[in-house]
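First subunit A sits with subunit B, and in the next complex the same chain sits with subunit C.
Up next, the complex of A and B:
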């Protein structure tokens, strides 16, 4: 198991979380379980409890409202680096003790970093909930780092960067597209960081970031599983409740994107590319920045245009016109700042990327001009809302969904009303969303092609 | 490529035996005589099913590797009177999820549906298993997708290191063939090959079924018949010979221009029904199992910062058993990394684990079992694997005692068996100071 299973992959992680979001609406009445409970401790820590008594297991997650988008210039990768260092022990518990305790009762743990949040979780037997809360509360302000730990771990994150980005041409393209899409927002940096800056991060950087951003007053604890809400609240008060507020923490204010005015294009040539692809990203509102109903319309639009083999892009490009071997679209709704709507397509042999792009634009033009059919609208709504029931089958998915939503500007009530918002979307709203947001001037189009030059001339 | 599910089952496991063993598994028989296991779960209004047919990619013709995987990719491309688009629309409208996958030994499937659409879901599955259309245009489209993916894998170091390990370990044996095939073999597969594979493999005698969900035995039996009732009674599998990995002691380098070298290492494993299996399973967890506590994780990552991830797993197939691990490291530190891995493996073979490590590993492996039974779909797939491995319907209750019974002497013996021999190592990348080598 790798630590930070979903961290970084830059903004793709948000796509992942977004998938969870789509997967998860509230349960239809007939299967309604105990209601989700919400508490706020005196020191500001938020607690959400999602009861699920099918097995005596809980998923315990702590989400800090800090991520890569909060790093200062020149220190990219610091949020994620600190996430790794949080496993290096505290004054009270030496390195490895927390992991050993979790392992001793068969628990599993991991951590992850995104642009807007950093999270840590354990899945353990219900009766161990308080134990993991104690450890987690302890490392909220008790972290003890040595230079030696920091330097070794810096090598590890550099290897992680190679594994996630360097070894993967498509991930490299994604990094370039984000960097071009965001003119001013910190979302333009890779979550894992730029290598040259990662290599210079120090113990002081990490400790400074920790003191500035970690504390009960920007933490959300999500507990899903076999526990009564009042019991979880009592445990939280006895553990997290003892941690002092961190007065360094201030509301997140990041540089905002200016209105985009120019379509951008880029081509990345990589010697390892055997299958060229194209990707496009449009700057669009997230749930947090959207006007009422707009984010739900974008969810439906992404589903109709590019989710699965019944989607417009797949049907027209892959099945009917046979210019692509793959085509899809997605939308990241969970982000604190302006987010993105993505499109991906891979041409069939013999089809050039410009030809593919023209065919793709024809599909989008159709949607902008004529909207979506009633049948498409209904099918998408049914699918999105029905997937909610499936999500309730997994306590870990539920915990991730609540955590990612609550750290990106949504409330428990927003989550509860997600299916209602999906059901309320009209065909006109979907068409209008396409017209307004799928405007090339808001976009970056990236081509990934093979670099055929001999190695000496590549100057990578 | 879908890895052998065995590898995941190795990661299996229930904390408190209570939850998992409190789960009641009912053996049921459908009206037409198909046996299955059923777990009733009324908390969420859905039905999940997992099933498998004996006969995975090892049944591919040698020059047509990838046939089984091709069939898996074609099963949502239309069946009976429904063309592909209509078939997929029916699935999506009712939020029915069908999934198919292939390992060397098995063809796997999964189904998930809201309870209210159960009849439709199982009927669509039955239709595609018994009357898949394999329309020519769909075949060509799927072939194009598979070739695109295979081309991409040609420059993916993880894929290259893994494929070359299996090729070298099992030459002239179906296990050495690429599960998803090659550019050449997938180019050759035709409609008859797909049909023939389905006819030979999709039969009731090699079938294992688990149903989990909001459904009683009568309804479950009826649904199972809708999916599998029309299949022939007998499969027609080619025999697969027992095998042991070869090329042990060799190091193979696949040159690739990537910043990080991907390393696959492995050797002879221990069969699922070997008396030392559980001891081996525990020892492997101590050396390189998941989590942040294994020796390899500690020595290679924590102490030296050489890699981001490292693990190794037992893989048990029907006709072979291997232990196989992987990691990725900076080109100029590949030799260091291999050195540390080699030393740790040798140390484990010679001295085995400590008492403390053994106690901690047993505690983890007993406790973590429940986490693998956390959704309806995962319960279904875990129970299907228990059926495939012929461990018995009471295995979940017995497992705790099986782990407890592993003594330090057992662990040392198993460690010697697992790690005492030589390893086959494949490296994809540009490792410096390391050449291919070892004896042939």
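Up next, the complex of A and C:
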């Protein structure tokens, strides 16, 4: 609905482009701040409370364990469409009232959809926590939609698609790479949907999806802020506790990828491209699908290879050889099924994409052959663990990390042990992860180039 | 179950490799032989009778309007698995009895699965037609499956997958090309299934699919041979007519492809490759999705470009420039949704795949720029129409063409008018089809090369 930079409708794409390392992993609970409390209500709703008493503010998020990967074939975009429609009001509260109340509190709200989750959040004064819980509990099964609501909102999501994807050549490249990377998994679809399918979504589709997937037994509520855990639990029982379990909800089973065997490449030409770029994505394990230690090794690998100006790619391609103006790598650990390791580079003027790619592959080959240095290993570990500690500074970051981890197969304990897992990674594990996972057969390499044909000849 | 060369489990792949033009289009009904008769039973079953009295034999086929594209995500291979399980017997007839009876008649039988249909056929002496109809009607809703049947047959389909795909590098390439060509459509999955999903299929999956998709209102019976239409209709009423309509069956709606915008390439390395090859597939309209005349223009285009030793590709690449040892093109018009135009070439020793591809693209550019000659146009039309007439020689070919056309959106009348549509194509239409559809952005180009690494380093 209202969105900010970390909105995840197109997070996978945005992250691929900008290599925002902050998104890479869960954060520790035990290493800083008071302990995180965890409850489960009788109706199945999970509650996680992260106390933070620095200011009289709470961040309240509800995460549903449903996302774009749960959509029926032919109905892409439905999870995100429903996210929008959740603001349309209920029998008790007319459309707009919830948002107006949050605004009147001086609060803010947002919502986001990913492949594996859909979330809603409000940041409000602490004493308003129960009020927002009441509103959220009400719309958990009380949503009232008219055909008119649905049709008007469909135009909104189509416009959003134009803005985020259609008018954004780099996002378009990301969509094409994902579609070529995943041969069987629904992760290959854009979270926002294929436009031709979005345009056909109906009220029945939205209501059917809502009834099938929304309910307390599918939800994780994360409260970060100025509240005692027991108090938050009491509020949750008085609000969410009254919502009936939804017996339509069954455990999620995602189609898995076949073994990737063929290196793929694609070229997207777009007339709006001023700076050509290349991106590559490798199919790699997520935290949920990785063997012990493997996901943490991929975190370190991404950091050494491509996080910041001290990374191998940046030093080699941008500083030393001067063939690139940007180069980075990232790893997304949070997905129920196989995830992605991404690489991004933009050539300096006069350097062709194949030249840049050859230089980039030489950097990766170095890591595969010789591993990383002890100094790189230590620096990465320190930075990753420190980032996790600093994350406590932001209620929203903390709540988001817990929510995204808990809806993609991790536990509160997994989050707590994340720094230990990072610290335990050895140089051999990082080198082995590079050898095993940065295999071109697991990858799609995409070039984004300028489309120089006259407009009449471009029939996209 | 028992298979012959035209089995369609992997027909899309086989066709891509061998460019068997015979598969390309429907055949005329009016141009030769007695008229084709068409009936619909009260329970919805369609019957098509193609009289052919040259020998006292009939070919009986039942085509269900269900195939691999109807499978639920995560259950790939189910349509084909059920095809196998249909031979497991019913309450009335124990497993193997139907096949034994056909064999005792001196007949033969077969079964096949495609993306859009599943079919069963028997060729038997004319006087046995009603008997095979009785058996087919019985297993239309009387199938009895035990867990043991299912588990044993699952091993059979896994072995079939190994033989057809796993141990066949060219088929593996075809699977990868399809998966990269279709970004959203279920046509991207191999008809036989992804092996990891086939291994998990259960009796419940098979029974659920059977109950949802099999029934008289989903079936087309094609009888070709020594029988009077009214007699065949009477037999059908006495046998199939007794089967109750299946109200679970709803009209098929296939997810559509987004507009293809990025040229894709892939390389598959396999240690068993002795002759490297390249294949390319373009996403193009099927007869069912094409504008008027477009599908016929694509038939002619495929013929001029790549059918036989007089085709452009063969003459240019194999005879004149001697850069290839084989080169061909094909077009599959029969699909409910967007179909494929395929190109295949194998380089002569010493010629690299990129060199071959450049020569091949030069041939295509010629056609796009200058179209085809009047002589090529006439020759192609004559050959295509003559092929259709000659097809009457084979009961099985006739029945197969009717069945595959009628289960992919065509009518008996469409089949009858096919020669007229072919004859009406102009040179401009062929050139325009080349310009519009042979656009690299619509395509996947695949290279199959030898994997030269020592076995220990190949971790497929």
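Here is the rule we go by: the second predicted complex is superposed on the first by the 429 of 460 C-alpha atoms of A that agree within 3 Å, B and C clash if a C-alpha of one lies under 4 Å from a C-alpha of the other, contacts with A are read in each partner's own complex, and residues count from 1 in each chain.
Everything below uses one rule, namely that a contact is a pair of C-beta atoms (placed from the backbone, for glycine too) under 8 Å apart; a residue touches a chain by one contact, two chains touch by 3 or more.
As the structure is a computational prediction, the values presented were derived from the model and not from experiment.
> When the two structures are laid over each other on subunit A, do subunit B and subunit C clash or fit?
fit
> Tell me the angle subtended at the Cα centre of subunit A by the Cα centres of subunit B and subunit C, rounded to the nearest 10 °.
With subunit A as the vertex, the angle is 130 degrees.
> Check whether A:400 is in contact with subunit B, with subunit C, with both or with neither, and answer first, second, both or neither.
Neither: A:400 stays clear of subunit B and subunit C.
> By the touch definition at the top of the document, which applies to A:65: first (subunit B), second (subunit C), both, or neither?
Neither partner.
> Identify which of subunit B and subunit C touches the larger number of residues of subunit A.
B
> If we overlay the two complexes on their shared chain A, which of subunit B and subunit C does A:188 touch? Say first, second, both or neither.
A:188 sits against subunit C, while subunit B stays out of touch.
> If you stack the two complexes on chain A, which partner ends up touching A:176: first (subunit B), second (subunit C), both, or neither?
Touch partner of A:176: subunit C, not subunit B.
> Which value, in Å, gives the least CA distance between subunit B and subunit C in the superposed three-chain arrangement?
15
> Over in the complex, which subunit B residues touch subunit A? Could you list them?
Touch list, subunit B to subunit A: 13-16, 18-20, 41, 43-46, 48, 76, 84-85, 88-89, 92-95, 97, 112, 114, 141, 144-145, 147-149, 151-152, 154-158, 256-260, 262, 290-293, 301-309, 311, 328-330, 360, 363-371, 373-377.
> If you look only at subunit C, which of its residues touch subunit A in the complex?
Touching subunit A: residues 73-74, 76, 172-173, 176, 179-180, 183-184, 186, 188-189, 194-197, 253-256, 258-259, 261-269, 436, 441, 446, 459-460 of subunit C.
> Touching subunit B in the complex: which residues of subunit A?
Subunit A residues touching subunit B: 1-3, 27-28, 30-31, 33, 52, 54-57, 87, 96, 99-100, 103-109, 123-125, 151-160, 162-163, 166-169, 271-275, 308-310, 315, 318-319, 322, 325-326, 346, 348-349, 379, 382-383, 386-387, 389-390, 392-396, 455.
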